[in-house]
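So, here's a batch of structures to check.
In what comes next, chain A is part of two complexes: it sits with chain B in the first one and with chain C in the second one.
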Partner chain A sequence: MFEQQAALFLYAVSPVHMGAGSATGLIDNPIQRERHTNHPSFAGSGIKGAIRHAFAQLGGEKDLIKRLFGPDSGSDELHAGAVSFGDAQLLAFPIRSLKQGYVYASCPQALARAQRLLNLVGVKTQWTIPLPEEGHCRLANPALMSGDNKLHLEAFEYQVHVDPVLPELSSALAGLALPDQPEYGFFREKLKTDLVLLSDTDFAYFSENATLVEPHVRINEKTGTADDGGLFYTENLPPESLLIAPLMASQSRSGKEDKLEAVDVMMKMHNILDGRLLQMGGDATTGRGLVLAKLVGG
Partner chain B sequence: MATLTLKQDKAASGKQTLEQRRATHAWAKAKAGIAQHQKDYVNDAKGLPALIMNSGLMQVMAFLHGKGGRHEVLASHLRDWLQQAQGTPPDFEAFMQHLLNAQPTEFQAITAEAFAWLRWLRQMAPAAAREV
Partner chain C sequence: MPMAALPKYLGDDFAQASPGLRFGMYLPVWGKDNKTGETLWTSHDLNYREAGRDRQVRQFKDENKTQALNQSARLNANDRQLMEKLAQRQAAAASVLPQMLSLQARSIAPFTTGLGNEHPLENGFAFLNPYGLPYLPGSGVKGVLRQAARELASGDWGDERGWNQQPSYTLKMGKEPVHFSMIDALFGKECSMGGKEQMRGALSFWDVIPQIKGDRLEVEVMTAHQSHYYQKKRDDRAGNSDSPHESGQPNPINFLSVPPGSGFAFHVQCHQALLARIAPDLAEADRWQGLLQAAFEHAFDWLGFGAKTAVGYGSLQRDAQAEAAMKQAFEQIQAQAQAQAELDKLSDEQRQIKELEQLFLATKDKGGLDAGCPVATQRLKLLDDALGWESPEYRQQAADLLRRIAKDLPWAKKRKQEASDKLARLMA
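And now, the complex of A and B:
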């Protein structure tokens, strides 16, 4: 029984490759996606593994690892861990914009799911979520527009409706999702002003087709040029993407060491995660997977 | 039931589903492309979706046309499919004109269809190369 609940915001500061294994799709190494929305996601097991791996380095006490996360694989001990990480779902996705560099795009579906999660873990939100039509968008910052009430995202043009209630939602979201430190001030402000709401359909198009895809080759040691047959394509979630995951805590259940109450377990998670930089997913040695964590509630 | 109706339709008209048509078309084009350009066609086909994802369909079609040769062969295969599935003109200039005048939703539908077909071509091309 998990007595404590919180929401974990994950903000990508580098490309992130949470791999889905090799697939026979458009890309050789695709990222994980939700089955029903096809939005990029992080599996809870991947988040948990990354945090377990970094626990001591993040300032956690090493001898707590088994009590909090469960015994090592293959161990004789048999008890569950005291923390549970859910899958992270996409909340905002960066899209190249003609004005202001990029926007944080979201959609009613993604916002409503995030709001549901927040309310379920006890973080009460009362967002009014506007419902843009296909080909239209809602935004708050007129500086994003070009020409005649138009927003240009990549090659596409959207009819703009300036929405007076959107800043209420985007300010609340920015306050929750990004750490309070001044170095994140720019991004908190940008999320407040440059959150753009697209229809679920238009958002799905970008979250599917506007990720970062890179070719990789193997260099032949003798010739110094690309080796034959070594070409493959890797997909990454772009930096500035924002995801949200549930985190739950119970009392520790190892039966041997001192028992930790659920409140203490959640407190330890707050201490190691809040405002911290984590590394998640593959290609860590080429700078992939840097994610800023913020834990809310619990 | 929807599946039952579909089955009857197929039996009655001998028609394939859209996905089957994509696969059939991609297989035929992969064989033709490999006959002309061998391994290069496989590599170009593998890289094309990433190119479109990063740069956009129109830019990539212009780029392939500009390079000519085997790149234009691949581009013409894609345009040929898009003509069948989306009714866009098969020759380069008219195709570009069509996209220039397309609404964002139509442009996205054409791009999505290009990806759906390329998903097949990407797998069919290496398979066809082994057959040679």
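And now, the complex of A and C:
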């Protein structure tokens, strides 16, 4: 039984490619998405694998890996691991705006799911989540608006309702989700001021169509020019995206070594994850998949 | 007036949008026929002016490309701030990671990249979404460094600086042992489709966000003279021939570049555990760092980063000054954070004492101690506040500090008497 629960915030600081295998669409290498919302997501297995892989590098003790994450497949001694990562859901998504560079967009659906998750793991939140209609949005920073109560994201226009309670929500979110080191201060403040709430439909449109697609070519080492057939397009979750995943811990179950209680297991996860930079997903060697982790609750 | 292909409600003031957005989506390049008012969906306007010996009104095609690019090349204050904060965040994140090599360089030639991206003006540019700022992707850095390593290892440049191409390492994959070189160990081994000998390299190359000098990107021009030959297009004006010759029609093409003098910070992370397993001697005493620095120097001098390196673009120079400045800035941030954390731990009384002490020391250093300075007023406030404190320990600490300050502060006699009376009460 998982006795300890926490929520893991993942904040992308470089493009992240959690690949979904081969493609049927225009993009050669698409990213993972939830079936029902079509929002980008990180599969729990991918998160667990990345953290297991980095465990020792993050300062964890090597001989704990099997007890915490379970033995390698094909091992003689099979037992369950003591930690369980759920899928990460999208919570905020950066969208290019006519003013102030970009905004952090979210929607009632994403916020309500995050709130439900936080409450389930024992982090009590009492956000009042406004419900903007399609074509409308809520925001708090008037510097984002053009002219007459309009917000322009990429080439779309939204009718603005300035919402005085939004900063309360965004401050709570920024406080929970982003590590408090000074180098992240600018982005923490921007999340507080430039959170924009769209309708579920409008948000889904951007989360599907406004990801980061990078072209790749292969340079032939002999000729120094681009190789034929070497051009492909890879989709990435853009940097400044914010996701949230559940993390659960039980006592260790190897049966051989000393037993670790669930509280200790969770403590170990806090020690290696809180405020740390992780690498997740593909293309690690070209700087993709750098995410900041923050673990709350548990 | 050319316009952008956008809905009317967006208006035509894009000064506050990022360069990437102005270049990619808000580009006012689509021309108009100024007689009919019709939108042409070409990059030129049709204008009508009197010209020629007979002063007849003729039709002119006026190109909008340069003007459109120029307006997209500006960086506003918001862009500059974001560009700096991104670099700082990267540097700070890199500085706390073990097994990191960070280098600072300055460009000594224009830098451009992403020219092959689709764009209505023929040449694209690499802007990173959502910031809309130029970037050099990690894959671009990695490719150049791998080539630099290969060139050094080949020996054609004289000193190999530690690099070689010998397949001196072995790893068992499946049944067959696989042999590979230090270049494969650090940069990964690729094999033809379906092969099983693939291996990831130990090094990870982060994206570079150039710190642009000045407040704009440059608009540059390249002029192809042989397009009739490259495109096999016969044209009467070019001699109706598709062979290369000297009388082709010049075809100027505009593109964006990052001006020389801009800053480039490279961060490379080593997967130490992997390297120690596959090539232990490279992991030992951080030998990979020396090798990589040599490869960087070779790349700076001979290869260049980004596009058009064959004509000198993307040449960089290591910038020791910037490296020192970055280190100093980071230490400062750390020290500030530490000082703040210490202050946060203190009780209200201790904090008040500490703050006054810091103010006193700072003012004394500057030689600004006089009867009306903030230290004097803060001192009186502490004296009054401390009289209301209960803890004798804090009272004592306050009194000690107040006495120290009193020695250095010039006083009016009457005030001094008052203050020392209060001080005596504090000690009692």
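Heads up, the rule we're going with is that the second predicted complex is superposed on the first by the 298 of 298 C-alpha atoms of A that agree within 3 Å, B and C clash if a C-alpha of one lies under 4 Å from a C-alpha of the other, contacts with A are read in each partner's own complex, and residues count from 1 in each chain.
Quick note on the criterion: a residue touches a chain if its C-beta (ideal position, glycine included) is under 8 Å from a C-beta of that chain, and two chains touch if they have at least 3 such contacts.
Everything numeric here is computed off the predicted structure, so don't read it as measured data.
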Would you sort A:Pro215 into first (chain B), second (chain C), both or neither based on which partner it touches?
both
After the superposition on A, what does A:Ala155 contact: first (chain B), second (chain C), both or neither?
both
For A:Asp76 in the superposed arrangement: first (chain B), second (chain C), both or neither?
neither
The chain contacting more residues of chain A, comparing chain B with chain C, is C
Give one of first, second, both or neither to describe whether A:Gly135 is in contact with chain B, with chain C, with both, or with none.
first
Please work out whether A:Leu26 is in contact with chain B alone, chain C alone, both, or neither, and reply first, second, both or neither.
first
Now for A:Ala284: first (chain B), second (chain C), both, or neither, which partner does it touch?
second
Is A:Gln181 touching the first partner chain B, the second partner chain C, both, or neither of them?
second
Counting only touches as set out at the top, which of chain B and chain C does A:Tyr233 meet: first, second, both, neither?
first
For A:Val13, is the partner it touches chain B (first), chain C (second), both, or none of the two (neither)?
second
The intersection of the chain A residues contacting chain B with those contacting chain C is 154-155, 157, 210, 214-215
As the complex stands, chain A meets chain C at residues 13-15, 56-57, 94-102, 146-147, 150, 152, 154-155, 157, 181-184, 186-187, 210, 212, 214-217, 219, 221, 224, 226, 238-240, 277, 279, 283-288, 290
Interface with chain A, chain B side, in the complex: residues 43, 46-47, 49-50, 53-54, 56-58, 103-105, 107-108, 111-112, 115, 118-119, 122-123
Residue ranges of chain A touching chain B (in the complex, touch as defined)
24-28, 134-135, 154-158, 202, 205, 209-211, 213-215, 231, 233
Write out the stretch or stretches of chain C touching chain A in their complex.
6-7, 9-11, 14, 16-18, 20-21, 25, 78-79, 81-82, 85, 88-93, 97-98, 116-117, 128-132, 137-139, 141-143, 147, 150, 187-188, 200-201, 203-207, 271-273, 310, 333, 336-337
